[in-house]
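I've put the structures underneath this note.
In what comes next, chain A is part of two complexes: it sits with chain B in the first one and with chain C in the second one.
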Partner chain A sequence: MISYLASIGVTIGIYALLALGINVAWGLTGMINLGMAGFFALGAYASAIATTSGELPILIGVVLGFIFAAGGGLLLAAITFRLRGDYLAIITLGFSESVRLFMTNEIWLTRGPDGISDIPGPLRGELTPRDFNLLYLGLMIVVLIVVVILLRNLANGPYGRALRAIRDDDVVAAVAGKPVGRLRLEAFALGAGLLGLAGALFGHYHSYIAPDMFLPLITIYIFLALTAGGPGNMLGAVLGAALVVAVLEGTRFVHDVIPGLSIVQVAAVREITVGLLLILALRFRPRGLVPERPARSSELGLSTPRRNR
Partner chain B sequence: MTRRLTMKRRQLLATGAIGAGALTMPRLALAQSDGPIMLGTLTPLTGVGGTYGPSMRDAVAGVIDSVNSAGGVLGRQIELVSEDTQTNPEAAVRAARKLVDVDGVSAVIGTWASSVTTAVAPVCWEGGVMVYTVSGSDSITQLPHEGYIIRTQPNSQLQIEVAAQFMVDQGATRVAWIGPQTPFAESSIAILGDVAGEGGASMDSLIYEADRTSYRSEVDQIMTGDPDFLMLGGYAADSTVLLRDLFQAGYEGKIIGPAYAVNASVLDALPNDVVEGLFTWEGTPDVTSGAYARVQEILGVDVVDPYSAQTYDHANLAILAMAAAGSSTGADMRGGVRTISQGDGEIIDNAVDGLAILADGGSVNYNGASGPCDFTRIGDITGTQFLFRQIQDGQPVDFETV
Partner chain C sequence: MELIPQLLVNGVLYGSLLALPAIGFTTIFAVLRFPNFSVASIATLGAFAGWVANVPLGLPILVAVVAAFVISGIVGVLADDIVLRPMRPYGALTTAIASIALTVVLENMIRFGFGNDLRGYDLPLVRDWRFLGIRVGPQQLENLVLATIIMVLLFVFLRYGRFGKAMRAVADNPQLAALKGIPSGTVTRLAIFIAMGLVGVGGILQGLGTAIDPLTGFRFILSIFAAAVVGGLGSIPGAVLGAFVIGIGQELSLVILDPTYKSAVGFLAILVVLIFRPEGLLGEKRQ
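So, the complex of A and B:
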């Protein structure tokens, strides 16, 4: 039971990192990235290949996963420099499919549809499965706390304000003297890097990755997490990820609660629930459980007229 | 003041979310040594494999019912827990962790897609749980599983060898393989090339992109080599398009495809002219066996699909392995399964008979619905029968059994 709870915790952590990565590009800067699965795969493969064929330490693999995905994000953002909204969404979705096809067909590098197995994990094999799960959960929490703190500082600082200005109206931001193009590139690359980090940690945890694991379905889960949690808000992303995993896993126990359902119906109910939640979240809480608060001038440290008393 | 209120509401929301998360896990049952023995099915109930998973699961449920009404195994009843792979390795891993850690199953039965099996296998063997699978990819039994994987599906190497020999025996001189990128693509081409070479035939191959609506340029390309016997390597959706395009391009040679790739839906979708004379082959269940008849009865169907026949065998093998090992742990069942699946014991075709013989101190050799169920050291099946069929007037007609 403890292993199971720990593994749910790790899954929440990975989903939360993915949600944070999407949050930087979409929630803060307003750039839709439907290519999430592609960057997730890029990070997972970079780290897996580096630590299996390359025999590098896990830590370096994870860093490489971040760098590769961020580099891919920078490249894609540069290519699509002038695209906005729907057009950017279509290109990123295409990118994600291209990555999957590359992983499927370049067998010399990625072992193709067989996938890469035996990816090392920290102390895997030396610990019992329970202790390994707990250790990984601990690492995951540390990574998550660091990322959340860094992103919060970023989002609440002048940099984050500039990103939000671009999201709300990029012409106004440009008129105010913000380097809109460069900021968009940076935000997209940073978001992609976080997706890659999640991918690397995913691979080392499960010890196996294959192209089938990076289907667009997971993108839907993450957008649900972010919409439920509150786009633009870092804690909201983490909370949303926890909520989505709780729903995905909690619905397994539906047949204990509603005994009349057949096994196939339970399976269908689980998938319906996810879709229904997405619709309900968009309809009733479009700004999420933890909405982004409009910033107040007093919190921004700007000088405000104040009466002396 | 406003700010303090916001914080409170946030805390309330956070607490609420955590509470809701806790409520979704009402059952905190752990593996117990005195309660029922747990068996898990992990079949695809949704996704691409969703057409097979439900009956695969029902076949297992049928075996468990019959064993329970005959008194159970090791003096305990058996309880079935079923999870859905969603035909997706990521979802399947989460499901497997639940089966292993929460339900404490002794075995996980019925993983279907090869990538799913490869993904869940480490979760199972690290947790000391056996995996019984119907996946065909060669790499699965080559994993460092230490005996925890048993596979009843002939691996792709054996399947291709048998079909390649058939093509040569039918007088092929220029064979060609055409299919999408799958775990079997590379090995299929290599094996077909070897067998064709030994038979004095030339060999050509083409890997295409799956799920396209037209394969005309691929067909043109493969026909430049003027092949006289083509092997299809894709799934049903591709085969429909490819067969149509081959027909329109005027291909006159022979064609063979795996039965899952040229199934009833393909035959329905295409005119009889297009599929006339086409060969199919599959590892066939032993349709004359008593076990097969029992699966027919459990599922209420005339024709049992190969996967449900295999999961019926999985459940019987797992239960007999427990009895032989005198234990329901995966570590002990690894040895037990080989003592009851092969050897000189009395031949049986169901667990209830086998349990009675084992209880009297006898030994058994289980032959099931899918075939003799004998396994190599790494868990691959041997001795599967293959059925070749030919399409005549839109209907598959038995051609020969190998």
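So, the complex of A and C:
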């Protein structure tokens, strides 16, 4: 039971990281990233390949996962940042499908549809499965705390204010002298990097990854987490992730409530539930469970405006 | 080996399948200014509506195509009214995300009812025709003719009918159109009905060549988006041109690429066009 709860905790942690990654781009700058599955996969594969075929330490693999995904994000954003948001939506969706095709086909590198197995996890050999789950949960919590603190400082500092200014009105931000293009690229790449980090941690936890694990459906889960938690809000992203995992785990019991459904139908009911919840969340809670507070001028360090004569 | 001519012919045939849903996607973009990702499940819906008419009900394929058009159109309008329209004040991107959620819901409703099994249509088995070493399936030719007829009808309807003018007016400036007494709500609904109907027809035509399952629509949305973006988002003639560019491009890519990468060609085409000509081949220039 403890092992089960710990594994749910790890899943929540990974979803929370994904939500935070999306949040940097979407919640703070209003840039949409529908290619989440692609960056998630990129991080997972980079780290898995580095630590299996490459025989590098796990920590380096995880860092590589971050770097590869961030680099991919930078490239995509650089191509589209002059265009309106709808193009980024289509491009990122196409990117994630292309990544999946690549992972399926380049068997020499990724072992194709069979996936990569025996990905090392920290102390996996020395610990019982239960202790391993608990250790990993602990690691996950540490990573999350560090990421949340870093992002919070970023979001509340001058950098975050500049990003939110771009989200709310990029023309005004540009007139105010903010380097809109560069900030957008950086925020998007940072977000993509966090998605890659989540992917790397996902791979080392499960010890096995395959292209089928990175379907676009996960984008819906994470947007639900983010919308329910409140876009632009770091803590909300974590709460939202917990909510989504609760829904996903809860719908496993649909079978007990409505007997006679096939496995396919139970899975369909789960996806319908998640889809409907996202629609309802978008419609009735556009600011989430933990809304972003409008900044007060005293917090911005402006105090009362003074006249200079 | 007549490889290149054969690939060109295949490309034109595939392009004609892509053109209808690409017109649908781009029309909705022109009128409502958001990428409606629910075209994936609507294409699947069209394929399944046609299958129900054709196999359990035993109706001819032509009737099945009409059924696909009508059912997809109606569901498209209802889904927009219930789910997407209330989302529009929150902005185009929120609406786009909602349209993904919508597509997940619709696709899984189909999966709930029909399962994941592959289903085929009730078609007579016919031998492929050969001209000068080029092989063409009669069904593919029928699809090409059907798609062409639908496109010509649509063109005439939009170019010369009052509706086409009203739709362009609403797309240009909804407030101004309303001031002129154009019922923009009705025009928008009719535009969505036609657009989603075409997406549904695209779904069934795609299914006729192979078999269908709940992922039928999803598998070819990347090519649909690519066609619309390459042609210029919001431009109907652009979507047709884009569909043939993508169709032929995907087939010609077989000369150098593994067939499994076919759908990634669409993605590459989007990137190339966005780098060199962001407004698309026939799109309007933006400031």
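To be clear about the criterion, the second predicted complex is superposed on the first by the 287 of 309 C-alpha atoms of A that agree within 3 Å, B and C clash if a C-alpha of one lies under 4 Å from a C-alpha of the other, contacts with A are read in each partner's own complex, and residues count from 1 in each chain.
Going forward, a residue touches a chain if its C-beta (ideal position, glycine included) is under 8 Å from a C-beta of that chain, and two chains touch if they have at least 3 such contacts.
On a predicted model such as this, the values are computed, not experimentally measured, just so you know.
After superposition onto chain A, the modelled positions of chain B and chain C overlap sterically. Of the two partner chains placed by the overlay, only chain B lies in contact with A:G250; chain C stays clear of it. Of the two partner chains placed by the overlay, only chain B lies in contact with A:A210; chain C stays clear of it. In the overlay built on the shared chain, the residue A:A198 is in contact with neither chain B nor chain C. In the superposition on chain A, A:V143 makes contact with neither chain B nor chain C.
Contacts of A:N105 after superposition: both chain B and chain C are touched.
Touch criterion not met for A:A162: it reaches neither chain B nor chain C. Of the two partner chains placed by the overlay, only chain C lies in contact with A:L83; chain B stays clear of it. Of the two partner chains, both chain B and chain C are touched by A:E271.
Across the options 241-249, 277-285 or 313-321, chain B meets chain C in a clash only at 241-249, per the superposition defined above. Annotation: chain A residues 101, 104-105, 217, 264, 267-268, 271 touch chain B in one complex and chain C in the other. The residues of chain C lying in touch with chain A in their complex are 29, 33-35, 37, 83, 86-87, 90, 92-94, 96-98, 100-102, 104-105, 107-109, 111-112, 115-116, 222, 225-226, 229, 233, 258, 260-261, 263-264, 266-267, 270-271, 274-275, 278, 286.
Within the complex, the chain A residues that touch chain B are 1-4, 7-8, 11, 101, 104-105, 107, 112-115, 117-118, 129, 206-208, 210-213, 215, 217-218, 239, 242-243, 246-253, 256-257, 263-264, 266-268, 270-271, 289-290, 293.
If you check the complex, the residues on chain B that touch chain A are 6, 10, 13-14, 17, 20-21, 23-28, 30, 45-46, 53-54, 57, 82-84, 86, 88-91, 93-95, 97-98, 100-102, 113-116, 118-119, 122, 126-127, 137, 139, 143-144, 181-183, 185-186, 207, 209.
Interface of chain A with chain C (complex): residues 30, 32, 34, 79-80, 82-87, 89-91, 93-95, 97-98, 101-102, 104-105, 216-217, 219-220, 223-224, 227, 262, 264-265, 267-269, 271-272, 274-276, 278-279, 282-283, 286.
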